[in-house]
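One chain, chain A, appears in both complexes that follow, with chain B as partner in the first and chain C in the second.
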Partner chain A sequence: MIKSRKMEVFAYIVIGLIGISIILPFLLLLMSSFTDEISITRNGYSFFPKEFSLNAYAYLGKSSATIVRAYLVSIFVTVVGTVWGLVMTVLCAYPLSRRELPGRKVMNFYVFFTMLFNGGLVPTYLTYTQYFHIKNTIWALLVPNILVQAYNVMLAKTFFQTSIPVEVLEAARVDGARETTIFGKVVLPLAKPIFATLGLFISVTYWNDWTNGLIYLTDSKLFSLQNLLNRMTSNIQFLSSTSLGGNVTAADLPSQTVRMAIAIIGVVPMLAAYPFFQKYFVKGIALGAVKG
Partner chain B sequence: MKKKLLTRLLCMVMAAGLLSGCGSKAADSGQGEKTPSENQGEEASEPADEEPYEVVMAYFAMGNYADAEAVSQEMSKITKEKINVTVKLMPMDVVSFVEQMTLMLSGDEKLDTLLISQNFNMSSQIAQGQLVDITELVETWCPDAVEVIGAENLEGCKVNGVLYGLPPTKEYGVEYGAVMRKDLVEKYNIDLDSIKTWEDLGDVFAVIKENEPEVYPLVSFDSATSIGEMILGSDYDLLQDKMGVVKLGDQNKTVVNLFETPEYEETLKLVREWYQSGYVYQDITTTQETGSSLMAAGKAFAWLANMKPGYAEQESKNSGVELVQVNLSEPIACTQDVAALQMGIARNCQNVEKTLAFLNLLYTDADLMNLLTNGIEGQHYVLNDQGKASLPEGVTDSGYVFNHWEIGNNFITHLWDNDVDDLWTITEEFNKSTKKSPAFGLSFDLNDVSTEVAAVNSTMSQYRMVLENGTVEPEEVLAEFRDKLKAAGIDAIIACKQQQMDARK
Partner chain C sequence: MKKSKFERFRRFLPLYIMFLPAGIYFFINNYLPMGGLVIAFKKINFNLGIWKSPWVGLKNFEYLFKTSDAWIITRNTLFYNVLFIALNTVVCVALAILLNEIRNKMAKNLLQSILMLPYLISMVIISYLVYGFLSGESGFINNTVLKAFDMEKISWYAQEKYWPFILTFVQLWKNCGYLSIVYFSAVVGIDPTYYEAAALDGATKWQQIRHVVLPELTSVITIMVLLGVSKIFYSDFGLFYQVPMNAGALYNVTNTIDVYVYNALLSVGNISMSSAAGFYQSVVGFAVVILANWMVKRRNPDNALF
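The block that comes next holds the complex of A and B.
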């Protein structure tokens, strides 16, 4: 008993340290977004800014057109993408979880295979742009790479296999239910935890995604928030690492504090959504993780 | 055509190597057959002169370009009338630009003219046959552009005797020196005319060090450039990569190892002295701050730079602190000063002649160029009494911000109100006054020694910055650096460059 007590204290200390190492940088990000720009260059980053300033947020407010637009794009893509992705993933995973499905092994392998190998960037790009014509459309942010991910399908499949007893499905069938009824009335209500887990996974992926924007978009009207932030930071990196003579100047690029502020407003929605998912989160991932 | 086939074949082989790639393989071969028929369709309608040809122009931009489409439409009005061409501007952020060009050029996506640069994979674009050889074509289709740029400068853009693009008109050279804070220069009565050599700068820094303990007398322009590099640039043509350089004014055109020269040693000593005296920003090799942000924060007094006419004004604008410049070298013209940025023609282009005619217009038509660089008059800028552009009243966030150096003939465009009055005349004078490097007009092809180049590059990145910023004692480290360079094969690179230099003589 005493031993386990000690263990407990030790575990809390470890978890506490990990927690601090995650929270502190975030706090620093938050504080520096409230620091005066010149004060950062002069004194470096600090948890307790000498000169408190709301300039960065004021700047965001001023050039709001671009940022609000990007924010809306992000929200739209995340909402639509999550719902759509969830439906597709579950509809793919559920049949694969049923042992009666003919050719199940082959299809399972097919899904699994995409986790290991893919076509590579250039062929993927050519296929999407030349056959699906998604370049510079909103589809570019929704479809490629994120919509149905093999890992999520596997997770959902395992969940259906392990946590919904076959007997329940058989009982439903004995009562005269058809497949659609079984799925809608029996399986779905039991699958809430996995919905929450997948929903969180997918929405975070959509919210954080900037690569699709980088590859398939050149039209600045469609940039999402992460895309915008990524472009800003990489432009600045480029400027400080490549010398094109005295030609290129950072005049039009936002300052450090502005970037911090954008990062903050980019994090907030996810931060706000997380507690609502948390209840189901642990359950879903633990159950889905058991390979069956 | 052969190369095109080869790329496609490679694509297929790569795809076929993976089971899942089956789909892509089919896609690739299918696409090859599809596009030519499309091409024919467009070309067939050409002679009738009904359908204007749409030129898609890709380049990178730093500011806001939300209104690029509106500007494209305005430009199209001019070009449609003159050469029956419409324009579609495709500005992108730098990172996106590099990525997009790789992707767009590997497919048959609509793309006519793009910005090419050694900084943006130009060598591999050439190696893969993605750029059109325009050596012969420019004479016929871009006579005005050739005249404006100057035959000699155009010669400098050639790679292995082949011309791929047209450089913009801007300053074709640099002068090395320093920029300093004007208020401090005046406060301590520093006589700028008395500064004649790099060593003289030390005395100026000493004054600042003594009287302004809060200010670092010398910082670097950005984390990619060292202090020593700026000093050496006034003596040597660094041939951009600094491996094997040519002394300015060397008529024998001998390629030498910069790091073995007495000048290099002397420079390191000088910079080390500055560093030890506390003149140099102590975090110089690790900081991510640019000189201009340190200047804005009031922490810096000066940085060394390769400058152009109006440089101090430009940097004053960026840092918000008034600066003055001190020139410590003659204007020098090296190959990259002309050839760093060019507008090239993409392999995907379906009407090379019309595209070239459009590029030619960018060198003669002032209205067209003003649209491209400044946007639409009244919406993105207004002209004041002196004919200079400024933001329209009440506009703080213009929807079209471009620049004055990247594309076309900038000398025919409006200046902005914070530019030097006769910037274009000064720049043209400057270009005439430049001293050409012995290696001017030569772009080296280092594919044969690419292993050595990689090895030398990694050695340089390990030693150069600390040595050239004075943070380590040169006496011990320099010998080590030289040995490592030898081991990495710098001599092979020098021999390779010398050979190409001799071949041209």
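The block that comes next holds the complex of A and C.
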């Protein structure tokens, strides 16, 4: 666009203000978690706390067994889920990208249709609990709904179709290469960008997912970090009430600050990792709308 | 001829095998539950199992639609979706155009990253962020903002009149970065010679936006709106369940079909009601996708989803 100085200043002001509105809630969370409980009771959560205190973190330290466990569950689920989901997604997408594959249209429709129509929560819940018995198992956090997503398959399919020239595949075939060789030697080396993008999307999905735990877990031993946070919104005493909690009692719970401190602990990994992957994430989003 | 068909199949066999794991997954995760939709017409008795439970015809639906809940959840789901689609489109297209005005590359990248940030934060964490502002006893708004104006404290989590605004704001806060970047990448792709031509003709900034940028964005806007419309019977469960902290006093304005189905199934344990509501959502939702896509396709096949 022919850019004008006035418009640019206006853009800085508007987007800058929005940016501030995005940062401020995190700042409030952070400052509140470092405030003394009594000061919060008197003045509420504040950006400029009157009295600093590390009590909330000290309290969380005492029940660290539960928190560390939830962290480990989250890390395990994110790593295993991402690798597993990524492999299945790419393996599913590549055949769909090969125009000469007999039956490709039917297979494509089979995947795409799941985006248009689904059974919803009740039948899914009954299928997984009655037939596959995943309630209160680690599978509950890995498998339902997020392992392979049709949207990601379509994204990968489009990538293969647009980024790998048909002539290259053709040439390999004329040379007598088998399909497995073509995939391993020609396609995979060119597929790094899509692995990066999808890996990022899938791992963020796993790290942030709390619905599967909410639906399929009643045993708090398997709670991921998000499930722990979710449980604590309704029951702030949860940390002291679990058997894993160690030697803490509900009576001395600085509940208003602990609430904020646990949220900080939950959000820090994402905020810490974000600067390193934001570039790829923004690029991945820009791939834009996908068609069937 | 027969032999060549067999040869072709043999050649492509590895590709079918590659497809298989995900194929099985979609069968279990999506197609089995689709068949399971029939439970909306049954009275489930776990001793008999799902298939042997007796048929009850439309009874479950009769119960559901006799309650006022059916109307409330439909109204809320549709109302919020229409509002969100309209608001997000206007705000995010505007943001994308503004973002494109910024010449400094570093500033542009930094702002993009900040805008995207909320999209990466789970709704659970967002509900904590909102709580920091709205908590009755210790929230920032009650204790600092309202105090500064000498106003009474408000118990936010008990008064429904505020929530349509709060939910709309939180939704926009979370999603505008993502959508702006989708639109921004379309704005960047516009051929610069168009602007030059328009500028030569003496077009003002506003005229350039109206007559060059917006027409060029029509296609991507249509697709994004269509994606939104196709999910018009679905709601962001996290937004409506987590952010109001599932407060019963607010159900009138926060209860959507997804929240209702979840609560009916897992809090109340009423499979009849939840499966009827779920069936209603799946089937009407599907009809809406097909209809919306057909309407777009009739005008311009390139902008349709399928």
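Heads up, the rule we're going with is that the second predicted complex is superposed on the first by the 231 of 292 C-alpha atoms of A that agree within 3 Å, B and C clash if a C-alpha of one lies under 4 Å from a C-alpha of the other, contacts with A are read in each partner's own complex, and residues count from 1 in each chain.
In this section, a contact is a pair of C-beta atoms (placed from the backbone, for glycine too) under 8 Å apart; a residue touches a chain by one contact, two chains touch by 3 or more.
All values reported here derive from a predicted model rather than from experimental measurement.
*Asks:* So in the superposed three-chain picture, is A:S234 touching just chain B, just chain C, both, or none of them (first/second/both/neither)?
*Replies:* both
*Asks:* Tell me which partner A:N118 touches in the superposition: chain B (first), chain C (second), both or neither.
*Replies:* In the superposed model, A:N118 contacts both chain B and chain C.
*Asks:* Quick check for you: in the superposed arrangement, does A:S220 touch first (chain B), second (chain C), both or neither?
*Replies:* Only chain B; A:S220 stays clear of chain C.
*Asks:* With both complexes superposed on chain A, which partner does A:T41 reach: first (chain B), second (chain C), both or neither?
*Replies:* It touches chain B and chain C both.
*Asks:* Tell me the contact category for A:T162 with respect to chain B and chain C: first, second, both or neither.
*Replies:* Neither partner.
*Asks:* Please indicate which partner A:T129 is in contact with in the superposed arrangement: first for chain B, second for chain C, both, or neither.
*Replies:* First partner only.
*Asks:* Give one of first, second, both or neither to describe whether A:A65 is in contact with chain B, with chain C, with both, or with none.
*Replies:* After superposing on A, A:A65 lies in contact with chain B but is clear of chain C.
*Asks:* Looking only at contacts as defined up top, I'd like to know whether chain B or chain C touches more of chain A.
*Replies:* C
*Asks:* Of the partners chain B and chain C, which touch A:T89 in the superposed model: first, second, both, neither?
*Replies:* In the superposed model, A:T89 contacts chain C only, not chain B.
*Asks:* Taking the superposition as given, does A:S53 touch the first partner, chain B, the second, chain C, both, or neither?
*Replies:* Touch partners of A:S53: none, neither chain B nor chain C.
*Asks:* Jot down the residues of chain A that show up as touching in both complexes, chain B in one and chain C in the other.
*Replies:* Looking at chain A, the two contact sets intersect at 41, 114, 117-127, 130-131, 214-215, 230, 234.
*Asks:* Please name which positions on chain B make contact with chain A in the complex.
*Replies:* On the chain B side, the touching residues are 11, 14-15, 18-21, 23-24, 27-28, 31, 62-66, 68, 90, 92-96, 99-100, 102-103, 106-109, 117, 119, 170, 174, 221-225, 288-290, 292-294, 296-299, 305-308, 311, 314-315, 317-318, 337, 340-341, 396-397, 401, 403, 405-406.
*Asks:* Given the complex with chain B, which residues does chain A contribute to the contact?
*Replies:* 38, 41-42, 62-63, 65-66, 113-114, 117-127, 129-131, 135, 214-215, 218, 220-221, 230-231, 234-235, 238-253
*Asks:* For the complex, which residues does chain C have touching chain A?
*Replies:* Interface residues on chain C, with respect to chain A: 8-9, 11-16, 18-19, 21-23, 25-26, 28-37, 39, 44, 46, 49-50, 95, 97-103, 107, 109, 111-118, 120-125, 127-133, 135, 137-140, 142-144, 173, 176-178, 181-182, 184-187, 190, 192, 195-196, 198-199, 205, 208, 212-213, 220, 223-224, 227, 230, 237-238, 242, 245-246, 258, 261-262, 265-266, 271, 274-275, 278-279, 281-282, 285-286, 289-290, 305-306.
*Asks:* Could you please specify the touching residues of chain A with respect to chain C in the complex?
*Replies:* Residue list for chain A touching chain C: 1-4, 7-8, 10-12, 14-16, 18-19, 21-23, 25-26, 28-29, 32, 40-41, 43-47, 88-89, 91-92, 94-96, 98, 101-102, 107, 110-112, 114, 116-127, 130-132, 143-145, 147-148, 150, 153, 178-180, 183, 204, 207-211, 214-215, 226, 229-230, 233-234, 256, 259-260, 263, 266-267, 270, 274-275, 278-279, 281-282, 285-286, 288-289, 291-292.
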